[in-house]
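Okay, so chain A shows up in both of these, paired with chain B first and chain C after.
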Partner chain A sequence: MTCITLFRFMIKNKIIGSQFLGVENVLSQFKSICGEDRVSVGQAVREQHGRDESMHRCCAPDAVVFPHCVEEVSALAKLCHLYNVPMIPFGTGTGLEGGVGALEGGVCFSLRNMDKILDLHMEDFDVTVEPGVTRKTLNTYLRDTGLWFPVDPGADASLCGMAATSASGTNAVRYGTMRENVLNLEVVLADGTIIHTAGKGRRPRKTAAGYNLTNLFVGSEGTLGIITKTTLRLYGIPEAMVSAVCTFPSVQTAVDSTVQILQAGVPIARIEFLDEVMMDACNRYSSLSYPVNPTLFLEFHGSEGSLEEQVKTTEAITQSNDGSNFQWAQDAETRNRLWAARHNAWYAAQALRPGCKAYSTDVCVPLSQLPQIIVETKEDLIKNNLTGPIAGHVGDGNFHCLMVVDPNDKDELHRLHAFTDRLARRALALDGTCTGEHGVGLGKRSLLQEELGCHTIHLMQSLKYTLDPKNLMNPGKVLLPFSRESRQG
Partner chain B sequence: MTGRVLVGVKRVIDYAVKIRVKPDQSGVVTDGVKHSMNPFCEIAVEEAVKMKEKKLIKEVVAVSCGPQQAQETIRTALAMGADRGIHVEVTGKDYENLGPLQVAKIFAALAKKEEAQLVILGKQAIDDDCNQTGQMTAALLDWPQGTFASEVTMEGDKLKVVREIDGGLETIKINIPAVLTADLRLNTPRYATLPNIMKAKKKKIANMKPADLSVDIVSRLEVLKVEEPPQREAGMKVETVEDLVAKLKEGGTI
Partner chain C sequence: MTCITLFRFMIKNKIIGSQFLGVENVLSQFKSICGEDRVSVGQAVREQHGRDESMHRCCAPDAVVFPHCVEEVSALAKLCHLYNVPMIPFGTGTGLEGGVGALEGGVCFSLRNMDKILDLHMEDFDVTVEPGVTRKTLNTYLRDTGLWFPVDPGADASLCGMAATSASGTNAVRYGTMRENVLNLEVVLADGTIIHTAGKGRRPRKTAAGYNLTNLFVGSEGTLGIITKTTLRLYGIPEAMVSAVCTFPSVQTAVDSTVQILQAGVPIARIEFLDEVMMDACNRYSSLSYPVNPTLFLEFHGSEGSLEEQVKTTEAITQSNDGSNFQWAQDAETRNRLWAARHNAWYAAQALRPGCKAYSTDVCVPLSQLPQIIVETKEDLIKNNLTGPIAGHVGDGNFHCLMVVDPNDKDELHRLHAFTDRLARRALALDGTCTGEHGVGLGKRSLLQEELGCHTIHLMQSLKYTLDPKNLMNPGKVLLPFSRESRQG
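Let's turn to the complex of A and B:
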């Protein structure tokens, strides 16, 4: 979009009032804050910052800025606030729900230049990082210390981005999600104010001090402010790990085993479920020979002694639930081989139909409801002729259908959309949520309303209005838009 | 073989750090920069510890040459499973000028003193990329060498070593005692876990100076200048092949 078009667009959409001086002026003010080469209106750069890894189409911002420090972010935000320019924070662009699309234009704040790891406290098990630090970068940095940050959503995502989307991962069953592991946040609000949700520099392991603002911003997906620092809870790297695989005659027996394993107090680190369609896909993709049945992939962390006990207890439970072929291993090479199917699931699913696009659904229900929802979902897939092998974090009741669709087949896309709506509503009907870990983003805003009900949604909208009355922070995400009049006020 | 293995570990700037050259071009900035064990040394330690776990050798001794901070690197090796450490103290200008030949002399002396059966080093350090210390150590000791090792197996009283070479893989059989240098695919080093880091604090690190080993560490090399590679300049687009050829001729490339 050229500068003139931007100017006209902004006038037309009442984003700028008559006091606005001109886009060139804004851009030059941006440049004087963060430097000439840190502001881009190049088409390729803007498009790169208007898409993530979801199937939502690219919505490029009008400009991208690359600030270096929180003071620059604050100054830029003040400017955007003055001129009513929407702001979209951007970490690594690895989101799965279209959270970075600039639906109403505006400026994308790419935070990748703020990449310092600050304040590591090994005895206190905490560290503070800036948004440009990804989880693999942090864990590489920590490798000599015996500590790690275990939340693992798959992608090498920005940790502050993970905080913004309340990310989770395969070992949430033992280590929790971002909600449990963020101690403090530094946030730049819509008007440029810098706040620390738990107080500047504070990092007690627990607190009862005031409203829990930290967890207000965790999962807010950039709609309440720009996260510029996050203080994270670290854990000790496990002394030893054992991986195991077990096959089951049905989804029910696999889930029953999961429930019993948790009830037995086994501190299982990962417990992943792959359905038989997925196992078949994995066999084909990696030339493996797993039995084509619902399968559990398990991982145990602990000391040598405790591992032996954990594995023994788990094996007994799986056997009592008609599980078979229980294999386990401790050395890295065999563990990787046992888990090969789980590691390659995404690619194996895509390989089922080369040339097609893959999209992951994401719902979460109480454990006891998991067999029912998976069985009903599989029936739905077959009835509507859709390809959707299933992989799930069964210990949390969270599962994904890895949908593989032909992007040029309008009818299939329509069926996909209807299917995902039914899936989300099925989860809601079973006391669950329409999104276990990917977030609401663009596509699940109406589902969120159904999930929460009008009073709760109104409360969320009030909070949003309090923090961002002009609706400049990532507009169009999480909550359905309120009226345009409120932005003029 | 129930002998002793010496493993060399070098403290280098962490591989993830962006290197900056000092303004006076005398070297790179090291103050306040994260350092860690050279990645190839990690692989060497892992191999030695694996051998001990398989009961092929009895004791793993981690050795590092450098200032006080080199002890941190030795502690990491101890946390990975080495039994004890030796810190050969070299500081200041001596440390800045410390290169493969002097380190090789130190290792050769230590190998004799400790009656080691095997010396395992990383194939090269990621700061100087010399790839010389292992080879020089073997020459000084007059021991066979298995360099760029991607697989090491004990066969009776000999070592079978698969080496990574330009043409592919070469398999050799060498006598013990020997020097090995670890290449990337030899193994995947384990993480130092917290309990092991705690246990490592109790393991012993002996201190000594090069003079104690009768090693002369005077360098015969002098670094004249360190500079960054030339900044990458913006490219330019041309419309036709003729334009491209003309521009290349203009720039003296053809």
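Let's turn to the complex of A and C:
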């Protein structure tokens, strides 16, 4: 009997499985662990912790706890495990796939009070942080050391949350995603056990010591455990940085330029595509005046000399593809304004239709497939009368349609869902994935099955049940509930 | 009951578990799957497949099968699963930790006949290969495309074997290890199920689609499944490459230079340390005449202009640390000779004591700890009258003592084992690992427990039992046998 069959057997026959008990049974014990004022059942606090920045409806937890240290997290988890109470970790709530909703009630672990930056080793290019530390806080702290942490999803997310969702963003083409930049994790498992994925305090730059547990938890979206510390790889702040904007007559020429820049070995730090709709929205929202065309935002990092050469090679390529002359952003202020405009694309899109809500798609395909999928997607948007400006990390083949819809227009919502499904299936047909960086969360669980196939999904289910047999860790996320998947698989 | 407790309970009570049956029960069925001539029970063939390049004694399997395709591997695995026959995957046998020994008998799956290079996508920088394809074969195949696969452990290992052992080597400081360069794997599980870790045929450069199964299998050393295909990330061949040799008055100055070069953001492709004993051995073995001092072998990749700048920055740093002038290797032939000498360090060390055997240690520590551990280790070697020239991938904090010992001298063997244990514990005390790239195999299973702690080991055990409840996949490797660990944990 394989393990997954065994688990099915046991769940069906109630040998294992759990009935979630109300949180009221444990509130007083929570308070004895955390103190009265760090356990909240107030409606406003609960609702604030039941949603992220996506369109997914709020699912408020029954209570929110604010632990101060890993020992408290562990003690709380032990209680939850004993009483079958679901646990949902919460960082900054800046996720985009509904990952924090308390679908089955339970307790939200807000980790914002665990906000220490620990163990900075400058010579070793590593640092360990607690889950309340955000990306910007860390980089502000590091500013005078000559080091920085480059992974940049746009939002000022917590670094442990970024680990949990395998975040990446604009710098990934050069510096990798969280998968490549997490050296070690402290995790509280479903039964309250504290583990260190690479051993306590360990931080070699590489290791072959046993199974790669670190990357099992990176991207697990809170469904396998609560990340309470992450050890990160740092980088030297480049001697010089320069950004540039280049517009193109077509999607094809912009993407062709991207492929050729990477083929030429230019170590480009950022290469972001914005379609003409997105450029128009950014111009309006951020008071810019770029031409309304398919556009690349570029950034180069390196020494002065290397920068010059990178730019020269890149310019030759873009010009051979009918790109415009570069518009430069050299000083820090202009650069920051440029990238703020890119990072505000989400709000710029929303501002196109005041009162509407935004939802971001997240497909990722091999580079060569980008022109085809972007062109088809733009046609699909027009045909279905949908607003969805496109911004993408094209160096990785990842792009987003920032869909802006009227939540009260049922017909539009219906068209939106049909469109996002078609887009994901288009990516799957081109050897890609339905999610390059936002994760599966709630909305892509069915698509994940199509993407991976039933055997791979079964393996993921068996890992989930091994680590969390009672299904208490962020239940209902990533994988469809067991019985439903079972019917489909 | 947690999952691991449950498994213990079931094994103890024989609810699951397995008794390995002799291979003779299945030989005729193997032959009906593979054909008569691709199932061997000849002693020479079995012994050839029972050992790698390490000192671990030969443990010959009961039979060796040579499947031609994944369907055959799957059919063979189903049979083994049914009859409780252990399965040991075999690539080129170039491992260094005894990973291929058939400790409990069973069948060796030699995958050398599955040697197709599939699906090269030049524009997307990816390729898929079968397990018989080695690193050099792939790079020869790619030569005219302008692309290459840079991970280089020295040996001409099979790429799927490199994935299975999380190999790295001299280029990892720039291009990462197998963990960063495998996009997808086809794996045959213990019960014969074929899975694709990222979904069949998928090859986006990044993904957030569910648990990272790819990196669960990378480095699993054949204990979770048989890797039958790997999709790899490729890189553009640099416009120019140049190598240089620089000698130093001390270990400290060589390592200080390394740290400063990395801090300066030089994208160095290789930075290899050799101590004076190693340099002497390499001079003799490869007919070179470098000064017999602590030495760095360096390699720079990039455009002509970027190379010049990298070299300038690096030279300034090495000279400020009392390094010698660079000795250059610019043309391909001289460079190849230099790196052949580095890669032949293993044989150069063995040649120091003809008739003796070599064993390589593999600790990896944070960069700042390198001078201390190397100096202490050299003192330890001298004090215990052991031959162990040192070569290391110092950009990653990883170094090897290439121990050369007389296998018939019991006292020396005893001193060797005591030394390697002390070295590993020294690395652990400095936040490092007992294995940076060779893996755990047979010899480091106890050390792995010290390194990770019992809770993390228990989690690895539970993953192993989830994927391979009958303990048929390369049994006895990575994790200590269940009962023994149980007593210690």
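Basically, the second predicted complex is superposed on the first by the 438 of 489 C-alpha atoms of A that agree within 3 Å, B and C clash if a C-alpha of one lies under 4 Å from a C-alpha of the other, contacts with A are read in each partner's own complex, and residues count from 1 in each chain.
Note that in this section a residue touches a chain if its C-beta (ideal position, glycine included) is under 8 Å from a C-beta of that chain, and two chains touch if they have at least 3 such contacts.
All figures in this text were calculated on a predicted structure; none of them were measured in a lab.
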{"item": "First, second, both or neither for A:Glu239, with chain B first and chain C second", "value": "both"}
{"item": "Partner chain in contact with A:Pro89 - chain B first, chain C second, else both or neither", "value": "neither"}
{"item": "Touching partner for A:Ser303 - first (chain B), second (chain C), both, neither", "value": "both"}
{"item": "Chain A: partner with more touched residues, chain B or chain C", "value": "C"}
{"item": "Touched partner set for A:Gly99, first chain B, second chain C, both or neither", "value": "neither"}
{"item": "Which of chain B and chain C A:Arg143 touches, first, second, both or neither", "value": "first"}
{"item": "Partner chain(s) touched by A:Pro67 [first = chain B, second = chain C, both, neither]", "value": "neither"}
{"item": "Common interface residues of chain A - those touching chain B in one complex and chain C in the other", "value": "146, 236, 238-239, 303"}
{"item": "Chain C residues within the chain A interface of the complex", "value": "1-3, 6, 16, 121, 123-126, 146, 165-166, 168, 172, 176-177, 179-180, 189, 191, 193-213, 215-216, 218-220, 224, 235-236, 238-239, 259, 262-265, 267, 302-303, 305-306, 309, 313, 362, 364-369, 396-398, 428, 431-440, 444, 448, 451-453, 455-457, 459-460, 462-467, 469, 478-479"}
{"item": "Touch list for chain B against partner chain A, complex", "value": "14, 16, 34, 36-37, 76, 79, 188, 191-197"}
{"item": "Touching residues on chain A, where the partner in the complex is chain B", "value": "137, 140-141, 143-148, 236-239, 303, 332"}
